[in-house]
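One structure coming up, written as structure tokens, with questions to follow.
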């Protein structure tokens, strides 16, 4: 159980316009929640969204896996949690979303991020790694 | 100045995925904010979203006017406020959005809502009016 | 009847993820359709999206009014039409959306656009006016 | 190479409001494209969206993996292709998106879908399998 290893939790409330015609949160919206959580995390670390970009480095999602466990409905509040591992140039974000009311697991995602430099090539990612060093588990 | 007449205020934080390619909140997203605010208001009044529907009545937006005053950026938090007037079968929501940091006006909207019955005709709206009677200014 | 004055028509198909929990296209999505139509129009005129920006001018929506007449459903195709008037620095886009199957009016919108210069002030709009001169009705 | 095994291709044009603040299509939007493609496919097969629902069966995404290869920009048109395998109650949609202009691969996804019955349990999926039998590769 690695649940206790989360390094960041963000509370997010479902907004009704995120529901689809079946009355549950649309699958694509979860990727918004995941991105929003990563941005909130780097912001907390004093890395404003876009600052890596101004260094000429852009973090991009290379790969994403998500398992949908329990659908969210109107009025639900979620706890969106993450932990990070580094594998060479890749930053692996393990992101789990729980329903706040009962801590039931809603979705489990693994998001692989790399840093691209100005020429579009994958960077070693050392600048990003330095800024979030204390949270990284080398894998 | 009718600013002091607001009957409801909701705090909403900009999420980065709501920004468009110019780095500001996309115009369409404001309609989401306005809808989210109306739903939060009726929820506070004990009218869960969809309960009017189960009576066979569906509130629908008939008309909307919005003036964009100041764009919202990444990291901004807004105060989304509303007051309501009734004009016959129409419920007029006056909805203003302010940037929380400095109370600068962001957008001003007027949203006209009517209740449709099962046959698709406009209802007099008395059921809705009853439930929010204390907030209504007859116009 | 000014329907015959339209200068541009774009066919757009509803995508199922644009439906809300009531099974109809969400109100905010219509603003996306309207924006998409304006962009397709300026592209047709050889003004790629962003080229005005590179001149230091950015067209921004200042005001928008929309009347919702008939909701769109899954599978619907629409015809999104526009004509333009200029009033001083303001470009007024009259945009009407019809259901393709029966030409029933779906929504009627009036969108006011101004050009901002680099300092955030409203520009006279002459550069934009020149490029679309043949379509402009001075009002 | 299983590229020749695609059973369905849908052409989709990028809409400018799908771009994020970096000027490329936002990651979450690809899930919309994938869903839109699946819906277009079942519609072509005479299964209108929602008809399975009326049987009391609802197809839900259980799991999704996506690899982002090349970002899409304003003006791009994509070819969204799919093939299907069945593994017991699971329908595996292999969905690949190509940039139309040069057939460069944009994204590769594997989407696992199951049918839920009225009680929220996973159904064997035989009703869906029957309707799309000719396209199914048993795995």
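Lettered A, B, C and D in written order, each chain numbered from 1.
We adopt the following convention: contacts are C-beta pairs under 8 Å (C-beta built on N, C-alpha and C of every residue); 3 or more make two chains touch, one makes a residue touch a chain.
Because the structure is a prediction, the values reported are computed rather than measured.
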{"item": "Label of the chain whose CA centroid is most distant from the centroid of chain D", "value": "B"}
{"item": "Chain pair with the higher count of C-beta pairs in contact (C-D, A-C)", "value": "C-D"}
{"item": "Where chain A and chain C are represented by their mean Cα positions, the distance between them in whole Å", "value": "35"}
{"item": "Separation of chain B from chain C, taking each centre as the mean of its C-alpha atoms, in whole Å", "value": "23"}
{"item": "Centre distance in Å when chain C and chain D are each reduced to the mean of their C-alpha atoms", "value": "30"}
{"item": "Contacts with 2+ other chains: residues of chain A", "value": "16-17, 21-22, 28, 32, 35, 50, 74"}
{"item": "In the complex, chain D residues that touch chain A", "value": "21-22, 27-29, 31-32, 35, 50, 53, 58, 60-68, 71"}
{"item": "Residues of chain B defined as touching chain A within the complex", "value": "15-17, 32, 35-36, 39, 43, 48-50, 74-75"}
{"item": "Chain C-facing residues of chain A, complex", "value": "16-17, 19-23, 26, 28, 74"}
